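Below, chain A partners chain B and then partners chain C, in two separate complexes.
Right, the complex of A and B next:
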């Protein structure tokens, strides 16, 4: 019998890299850079916005730069110049910082302080312009009254410079508490968003109806694809089930008028139930086979709705006249009535729904169930031999993922006040999957960012691009820029996003911890090129 | 009554009898080894016992309960846990998370507890993490708790797999070639680990090729060849069994050894 004392000491005295903390730091650093890049982009966009904006009849534009021309007081003139110079310095500083980090140089912390100072200065200048715009609009901008685009430019500038001030002023904290920093930024900016763009209700509608919905869809799909590793290509089906359930219980269609706040949970439950019904017979399948079955399901559901299933779905016209949600205080002394067509209450509602879903999913991620999902994703045979009921655990992933999209569907139906089969085509599933892949499969923060980016590009930039390009074309003398239907190219964008993310950063913009390691230590199977090189 | 009774199990793949009418018992508190040449059906027998393969015939009884038709996770819950010949850890989970997955079937948190992070779930989570760290310490892996499983050296990965198997609180531990790929020093340590687990009250049933390991720690040995049991007994009995020598060294070898 060997000496038992040598059991306690591991024989291999290799010094393993502490990959755990390393990757945690890497993830937080990427949150820092996300905030910085977001800030710079907002500032640039604010400054460049007038390039894309139609000028008014009186010939006076809406840009902060036009203040230089038209400001009679001189204050606006100085503020704008100072802002411009500060911005150029700031962007140069950020570029140098990125360069220094990339080449591994460590610069003194005080440089970050200086950048934060410049950013605060920019914010102050912007505030001054904001005051001029709102209180003395006719003096600064001639006959133009408070204008949506000026307003947007000023708010974007303010948000961008404050983001940079936050990131650089609290750099060590942002780097060490990435998730918390991101949540703080997201909720402050997210909560104030409708107030910032109070002159551009269309943007708030986008925020609730496109960004909000796709963030929810991405969060739900991430449970299925990211946590449990089950490829679901028909996720829109559950979205449709949530929407149709809600719509038929809150419209003249069946004469039912249940309150919205009950219905979102009924919609979620219905979608979750169908998730389980679809999952039960199919989850014994693996990988590609499951993907094909879900693809089929995703096609069947809108088709059944199209064919007016049991006379309940209204055929191609869908269900219209869905009740507008009422404030929860409806009927009491504090009655604010219904949401109606004002986008703000919808926006804040979906923000609360997202917060709720994020909290619940974060809890699951770090629990018995979350570990079981990841174990199944890693090795299903080992998971079952370790005592995990793989069928019921996968079923739960399917069901929980589906019910999140049921939430989204219920909200969607109520906000649009109608649901039609066209809203739930394959493109919706593809968009949701793109957001998850882009943001970082398996990482909650990542998929939220991915969903916002994709919905911004697809549902805001592309539709608006024709107008912007038209103005730009007029300014630079290329008229043909304004004649292209840019939204026709959304599938090109999906394709480009998917190809470039797979080539450049296969684990997504903000990878989950495990995927990050996978990327750093190399994939399981070595690529052919590596083998050929050796031969 | 033995802890595990394997009663005439048959596993057929098409026309091939991978395991044919094999019977043996594993008694509580023993270390029983299964040996045999490559392709003798040892791992297949393991997979049949743990429910990964459905049986073509025969019966397996554990604590007098038939395991016939039971799903692998149910069998694990009854108290049989195993390791794999080709290591099957959850590569992109840390060592401690791997062991915590092993605790899965001992945990009671329901979906709602996990979603809402209830006090009950938090309390259990803390307890399980502490217990998992204890299991790692038991196998000398506590230094590597936060290291991803795939980044561990091979020998430690084997040991982590044993830790994960222990986490489900088994009474019977099945080890599929635990010494494969280890260097002599690691093998000695492994023998220490296994016999210490037995001293802690576990029953161990293992497949092994390395005769030094098998002969050194086994109480009983079962020998398979071409899917059939050809011998069973103490290490000494098995070593002197002519059919075993034939199976390992070719027919006639036992004659030669006797005359030599």
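Right, the complex of A and C next:
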């Protein structure tokens, strides 16, 4: 298969009779680079991690190398050296690719046996090391031990090298099937994530509670903001409605104890219903006024919960003691009991929910409804002139977006086992908006990446940074590094991300094709000069 | 600035009809719109009267009088902030989401400026509490300094975050505005902490000015209202009678035509941001003197309430913003008193939703925003 994906392509221009092939290929190429950068970062992080995390008392190694070498056989040394050589080859190959694409003078290394050979060699070494390491790790549902992140450095390194081998060896395929490649990587790495970080339960909790929830919120908000082009600043309200619905039907609050697997759908339906109710009177407003009205709604809902309207919400303390979800086989002969406090089942559950939502939304996006959303977004009058019922189409966008949020809320309530009004402040809506803007308004892959990035930085890096910096400060002799409250800078990060993305790359990290054209050229109010320039 | 048509109950279908045969259809549509708008005004008036009556009936005349003063005094601050919203919206059709935080930033700046002056040997608080002349001197130092600094902040915000997006789709500058709001809040969070941040100006003005019946009007209340009214009159004079004010009005009416007639658009817009932010700063200093305690996220609530005021008065209309501010202040105070303080914000948000959906042109506004 010839590889010509990203050889100095001309910028996609608005007036070209665009078949979409070129831009689609550029998009897939960006997935390739995303995977490569992810792989290299994981490998780098693995080696840097021991600088930031203190050695644990249980005698866990100081670097990935130490841990692997302490594997019970002498094969460890051979495996490590082989893997090291493979990784160096891979990085060199990827660097050559990057050079070739950037300079535009030489072509990237084509599909060949050498290319596949390097990748296979490296993958085999990785798997060998994997087997050596797993011989001393715990079972899937085993108990989790002390928080020893260094141990997980091994996993990060192995995941990184696998990612890189995959992207490098199958480059032509990755660059032509970007979405599929991304999905495959996301679900393999995502699915193995709790096993990778079996020594760091906090990280798995983060994965389920922050990353998973915000991915769902971003997916839902993307329907409203990205597909239909309606800015919703009160998105947390639907999240709250989902959470409160679940909490009141699965706790002692009203004496109801419905099963979780039914409740997530009830929560989603309730949120969707409220989405339609809110949407009905406000949808004739457009743009910024709609945004402000949704903001008002987003503030009223937590206010009502706070003030214990009708005595149903428990006031400022919220509803606590929400039932823990049970495994679907609960009650049969194959009973695993309930989820309890082990984060892993929650994590896998939300992964499945995300997969479900992604599949649904992808199909909706390509359906008649999805095309109607795009038409409305680009020109509402023209859309209604072609026979699209703009009111019901917009209502559906609001409702579908809200129900995804309700899904997330239902899960959130069950996982935390309590909901309080504080969980649904304006900051939640802004976080969701930041994830969508950062990832790429209107692009499903983009918003997933954006949600993971934002939640990683805000809910994992910033809270942990003080500890890491404290250790780093001790290691390099700058004590003051550990005295800064890094999590205080959360809002600064949101602000900077929103401003810089809108100014520098308004279509986000992984742009959607149609949105890119709209956001970068301003389809509605194109300056005369730009039109003349093209003519 | 393209004037849209008023929204009607069947807005989208009506717009199709408008496209088909403009004159008749748009006439029908406008009539429907003005009908729902008219009803809304009566509704607003009736509910306002109802609020006052309910207040008098349940709490008695004295408390009602005191609450009217409270409402006017908080409304004065809302009005000062609302002017910034309305001016910016009038000129570039942007909801300057960061404006509420500019207000808070102004309040903090007044504290920091006071501290800075203390460093060079000028203790403003001591000066203000010494005697009347000293108070006037302190106010004449703090007000202009804070207003100029905050005004410059507004200009910088426009230059950094909004100017490059002037021709972008509507949502782009709105998103940067939200980003700017969070950036300012984040900076204040880091600088002032998560708790209350005392401005230490509460002993500047004290005492009771006069008593009407048994309703006592304090000097701070009177001061707040006088400052707001004076500022609004000055601004109205500026916009109406000066060359720069004329340039601002022209730019708001038609930016391209203003450009053709030789007006420096960028400078005019910067000036608008300067004035809007400076007035918010005036409100902020007044707030600091009256309430003393500042919080990093104060601007979010104040911003929304002031925006509601601006929309209620008719966005783009400076007098409307003033009127809306006082009205919203009264509604907030009465509503909180009748339903309980915890519902105060919900009442305002409900007002916001009602005004925007039923009468987006507000009480005095002529233009009706109807754009994507």
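To be clear about the criterion, the second predicted complex is superposed on the first by the 415 of 535 C-alpha atoms of A that agree within 3 Å, B and C clash if a C-alpha of one lies under 4 Å from a C-alpha of the other, contacts with A are read in each partner's own complex, and residues count from 1 in each chain.
Keep this in mind: contacts are C-beta pairs under 8 Å (C-beta built on N, C-alpha and C of every residue); 3 or more make two chains touch, one makes a residue touch a chain.
No experiment lies behind these values; they were computed from the predicted model shown.
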Practice task
May I ask you to decide whether A:390 touches chain B, chain C, both, or neither, giving the answer as first, second, both or neither?
Solution key: both
Practice task
Return first, second, both or neither, reflecting whether A:381 touches chain B, chain C, both chains, or no partner chain.
Solution key: both
Exercise for the section: Have a look at where A:192 lands relative to chain B and chain C in the superposition and call it first, second, both or neither. Expected result: neither
Practice task
Could you look at A:262 and tell me whether it touches chain B, chain C, both or neither (first, second, both, neither)?
Solution key: neither
Exercise for the section: Identify the partner contact of A:288: answer first if only chain B is touched, second if only chain C is, both if each is, neither if none is. Expected result: second
Practice task
Check whether A:312 is in contact with chain B, with chain C, with both or with neither, and answer first, second, both or neither.
Solution key: neither
Completion exercise
Interface residues of chain A shared by chain B and chain C, listed 381, 384-385, 390, 518, 524
Practice task
Could you please specify the touching residues of chain C with respect to chain A in the complex?
Solution key: 7-8, 11-13, 15-16, 19, 94-95, 160-161, 164-165, 167-176, 178-187, 189-190, 300, 304, 307, 340, 342-343, 345-346, 349-350, 352-353, 356-357, 360, 369-372
Practice task
Spell out the residues on chain B that touch chain A in their complex, using ranges where they run on.
Solution key: 50, 52, 71-73, 76-77, 81-82, 84, 88-94, 97, 100-102, 104-107, 109, 111, 113-117, 121, 124-125, 139-141, 143-144, 146-148, 150-153, 155-156, 159, 164-165, 168, 185-186, 188-189, 191-193, 195-196
Completion exercise
Within their complex, chain A touches chain B through residues 1-4, 6-12, 14, 16-21, 360, 363-364, 366-372, 374-375, 378-379, 381-390, 396, 400, 514-515, 517-518, 521, 524
Exercise for the section: Sort out for me which residues of chain A touch chain C in the complex. Expected result: 225, 229, 231, 233, 281-282, 284-289, 291-293, 295-297, 299-300, 303-304, 306-307, 380-381, 384-385, 390-391, 426, 430, 433, 437, 488-499, 502-503, 506, 518-519, 522-527
